[in-house]
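Here the chain labels run A, B, C and D in written order, and each chain numbers its own residues starting at 1.
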Amino acid sequence: MNYTTQEFMVSACSRLIKDNECVFIGVGIPLLAGVVASKIHAPNSVLIYEAGGIGAISRRLPWSISDNATTDNALVATELWRVLGDVQRGYIDVAVIGGAQIDKFGNLNTTAIIGAGKTYQRPTTRLPGSGGANDLASSAKRVLIVMRLEKRKFVEKLDYITSPGYIAGPGDREKAGLRGGGPETVITNKCIFRFDPLTKEMYLDELFPGVTVDEVKAAVEWDLKVGSNLKQVEPPTEGEVEIMHRIDPLGVVLGSKSKQENQSFEEYYKIMKECYESMALLI
Amino acid sequence: MNYTTQEFMVSACSRLIKDNECVFIGVGIPLLAGVVASKIHAPNSVLIYEAGGIGAISRRLPWSISDNATTDNALVATELWRVLGDVQRGYIDVAVIGGAQIDKFGNLNTTAIIGAGKTYQRPTTRLPGSGGANDLASSAKRVLIVMRLEKRKFVEKLDYITSPGYIAGPGDREKAGLRGGGPETVITNKCIFRFDPLTKEMYLDELFPGVTVDEVKAAVEWDLKVGSNLKQVEPPTEGEVEIMHRIDPLGVVLGSKSKQENQSFEEYYKIMKECYESMALLI
Amino acid sequence: MSVNKVTTLAEAVQGLVNDHDTVALGGILSREPVACSYELIRQNKKELTLIVDSHDESVELLIGAGLVKKVESAYVWVGVIGSGLNFRRAVEKGLPKHIEVEDYTNLAIGMRFLAGALGVPFLPVMSMSGSDIPKYNDKIISMADPYKGQPVNLVPAAEPDVAFIHVQRADKMGNAQIWGMLANDVNIARAAKKLIITCEEIIPTSEIRKIPNMTQIPHYCVDAVVELPFGAHPLGVAGYYWLDTPFRRDWLKASKTQEGFDAWVEEWVLSWDKFEEYLQKLGSDRLAKLRKLERDNYQIPRIENY
Amino acid sequence: MSVNKVTTLAEAVQGLVNDHDTVALGGILSREPVACSYELIRQNKKELTLIVDSHDESVELLIGAGLVKKVESAYVWVGVIGSGLNFRRAVEKGLPKHIEVEDYTNLAIGMRFLAGALGVPFLPVMSMSGSDIPKYNDKIISMADPYKGQPVNLVPAAEPDVAFIHVQRADKMGNAQIWGMLANDVNIARAAKKLIITCEEIIPTSEIRKIPNMTQIPHYCVDAVVELPFGAHPLGVAGYYWLDTPFRRDWLKASKTQEGFDAWVEEWVLSWDKFEEYLQKLGSDRLAKLRKLERDNYQIPRIENY
């Protein structure tokens, strides 16, 4: 059986969600991972969206952390500051976030690639900013990071630290007064990284089938350490893959982007209807 | 026509409420005053209760700032801190509060009559505390005070300032950073006091019929000034009195306390039913 | 999603409350957790510190029974019907034991709970300047705000060991929906280290999902859920029952002396084994009438999904 | 109680918004006041400072049209479907004009609105320590809290001159009931000096009174009420309509160049006299389908009083 990297990433991420956890979730791969987990091994986990939706059972794939689907059949529909206040208070078990740049201590940049001779106010590439990612990185008990392993993303030094990982090393989170546990795992399209409990440095822990250590090292700017017990990522099960496709029959996350590029309104309408009808069967 | 002092106080207080005002109201005389105002000259005023009820149209006389009746048919039912936050933000036009002791600058004590040789922790008479009164005294645009004119209530020096009036005189509220306008009027069972715009000192402005200046002065510890244009309080109209009795047919506020002392549950039930049936006619 | 937190009040109090705990109570007059105060008295939990905004019976009872070491509050009294006799006796005369007082305003207590709910160490308020409240309370820190130089008063986060909140409806997970005035309950629920929800009715989670905007307390704040109809008697619960004023007047009369209060506790709190017996003692006719006085005026609306 | 604040959007913007104003926008993706952004562009209100948490089209449009001097925000982008091209172009290349940025987190922006709503000059947050956010933002003041010595970051109150919030339902006085996620709207409403409510439907005050717990914005915060069905298009409104993704994709494609965006604004924002014409241009069939995609999944429940 063949799997796409997206399916691999969703499956790998979903397995890191435990039963009974409050899971603070972003859209895309984390969302699919959360739903797969709740249907397979974590039936009592609760998905939480930043803008106020807690425990929704959506029949539509949410397109953001705040669209209408994030409160469909929810347990709670409330305010953004209230939900992020609950994160700060320590109620959230696990958060899944992404980034444009990451360094070896798991610090993330989603604000700006400043670039040579440029400034924060006039950078080479402006990115969206923190959103709630810094709040989650600061206070969630566990943090999972999902991002593609590509050149200039796993860097020696960030242009701007948007969301703290272990900052400059052991003890720094405590000194900064951050209560969350910091990053635990980085899930990419080629491998999974974890963090050394003593040095807090990111190391290669699991490889996707067919990926080599050298291939990973080539994409990482710093001198990447490899775990003493390098594992291979377990492939998705058929059950996992079936569920993710029922949730995303139009391939928003799992499919190719170009497929949707020139969709007419009529096609969009038809696919959206199919999507919620398919999901209805799952509930 | 004869009027009771309670009827006089309700009427006098109600006339100080203007149309379109947000009126932050305590129970008892202020509540009746608010309802009378809304039925006669201030149809667009909105009554606000501290524990979260805004704009209720109750058919039952509320017994507190937080009972079930305070949100009956309300415009908003929300949180205590939110409503008092709105006071602090400056949304409230007029607040009506009471006190156990008052001084000439309109400062109020509702915390403790400490007494000679006693302490705050072990006072002669412990009182309930501020509740929201300090918050209202600090931030409401206008403050009306309702209390009986009795010995040892209008004192030279308070044992404890619970709610600030003009503190120690002109400029003190501004120095303390208080945004509300401070006390405007004190309504008693014998007269109405106001505050000199320059000295901020309380002076006698209106007498109830049959009450003498000396009688008032005798009950006030400091050397009370009398307004240059001493007026007589206009008696209640028949319309006002009719409305207040329809709202309080069991005389909780208007009647004598002793009447209710030994009421059986059956009597209570019957009177409460009459009360809301009577009020239903008014809505 | 089906973690079941339903238990009995006796078990919840036994398992989650310790002597010397700091305790917060929800509601104000409406929805005060009076039955929880009965249970704390029955289990004789001692040396409690209470953090409350403005409370009536739920606090008066604990003070009168000698369980309380300290009260951090804005207001302790018995509404319009009388004074806080137990509170006065304890503070003025040290009977049955002296309690330490720490005064705030309602907004300041509200901000203490909000700070606790947000996980921040303090919040600023504009109130209390120019009054004696900060003078007698070391925990209030006055400062000039670093932005505009305005005087503000900081109050510390309230982080009670345990809180009791009585609501209309909750599911077995603890998702609680409160109707009518909310007092400070949304924040108390989050500020507390342990939270016991008592409710008039446990409803299916599917009912909660019909109107998630009404869920003020999410399950993840909740440690125990107890179904406890009339759990606020003699006080009221919006949509469920109105104030039992004659009962309140009777216990207030009894509270005129410590002996009178002790006898009242003996009769109304210690004489039964289960709360149902307390309700039987009141009689079903009386309870039905209290319900009618409320429901003739207000009922929780029926929520119809399409 | 019948003060009528109903007006048209054109009049509200004309009367209540000035050049150089600080402007806040409600919603996030759902209920973003997109039609209000159209109207600001039509009236060419200039040199605006925006304070927003995480926004999509409502902010992108204003930036692309050159109305914005500065953005104080946590996140500006176009959801999952693409980048914030206008934002990037303005910050990176100064087209159509450079905008100053001031970064926060979503919680920090939320606390800025909460501070404004409470009338306090600042609030503390635990986030942002150990990151570069405070390094580039002078308004964030780091301090050791005076209670426990913990590091906290103070953020200043947001006090926008004017805010736009699009809701499902409001009455003529301005009492607004919001369903689904609330974002920061409850605080934005209170923090703003002037507030314009646009809504899908104006409902009678008697409907508001059926469920006062759902009134998140009291009338006393509100300066103008505008009935504006589809006022968030192409974004969604819970219970009313779903995202018009193809429309979003088209304007995003147009935004790839400034010229493309300008032409898009000409066609979709400046070519009509009334918002109804914009809706006619979209076509009633398309609007009906967007409504169906939403209502097959979620409708605002019917509230039945007994």
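Assorted remarks:
One rule holds in what follows: a contact is a pair of C-beta atoms (placed from the backbone, for glycine too) under 8 Å apart; a residue touches a chain by one contact, two chains touch by 3 or more.
What you see is a predicted model; the values in this text were computed from it and never measured.
Identification of common neighbours of subunit A and subunit D yields C. Between the Cα centres of subunit B and subunit D there is a gap of 40 Å. Between subunit A and subunit B, the centres computed from C-alpha atoms are 57 Å apart. Once the centre of each chain is set as its mean CA position, subunit B and subunit C turn out to be 26 Å apart. For subunit C, the set of residues that touch two or more other chains comprises 119-120, 125-126, 150, 152, 179-180, 182, 213. Residue positions 53, 71, 77-78, 85, 88, 139, 179 of subunit B are each in touch with at least two other chains.
Pairwise chain contacts in this structure: A-C, A-D, B-C, B-D, C-D.
The residues of subunit D lying in touch with subunit B in their complex are 1-3, 117-120, 173, 175, 190, 205, 208-209, 212-213, 215, 218-221.
Against subunit C, in their complex, subunit D makes its touches with residues 119-126, 141, 143, 145-148, 150, 152, 154, 156-157, 178-180, 182, 210-211, 213-214, 295, 299, 301-306. Subunit A makes touch with subunit C in their complex at residues 20, 22, 43-44, 46, 53-55, 57, 71, 73-78, 85-86, 88-91, 139, 179.
On the side of subunit B, the complex with subunit C involves touching residues 27-28, 49-53, 58-60, 63-72, 77-81, 84-85, 87-88, 107, 111, 120-126, 128-135, 138-139, 160-164, 167, 172-173, 176-179, 252, 260-261, 263-265, 268-269, 272-273, 276.
Of all the residues in subunit D, the ones that touch subunit A in their complex are 27-30, 53-54, 56, 73-77, 79-81, 84, 87-88, 91-92, 94, 98, 100-101, 103-108, 110-111, 113-114, 125-133, 136, 150-152, 179-187, 236-239, 242-247, 249, 286, 289, 293-294, 296-298.
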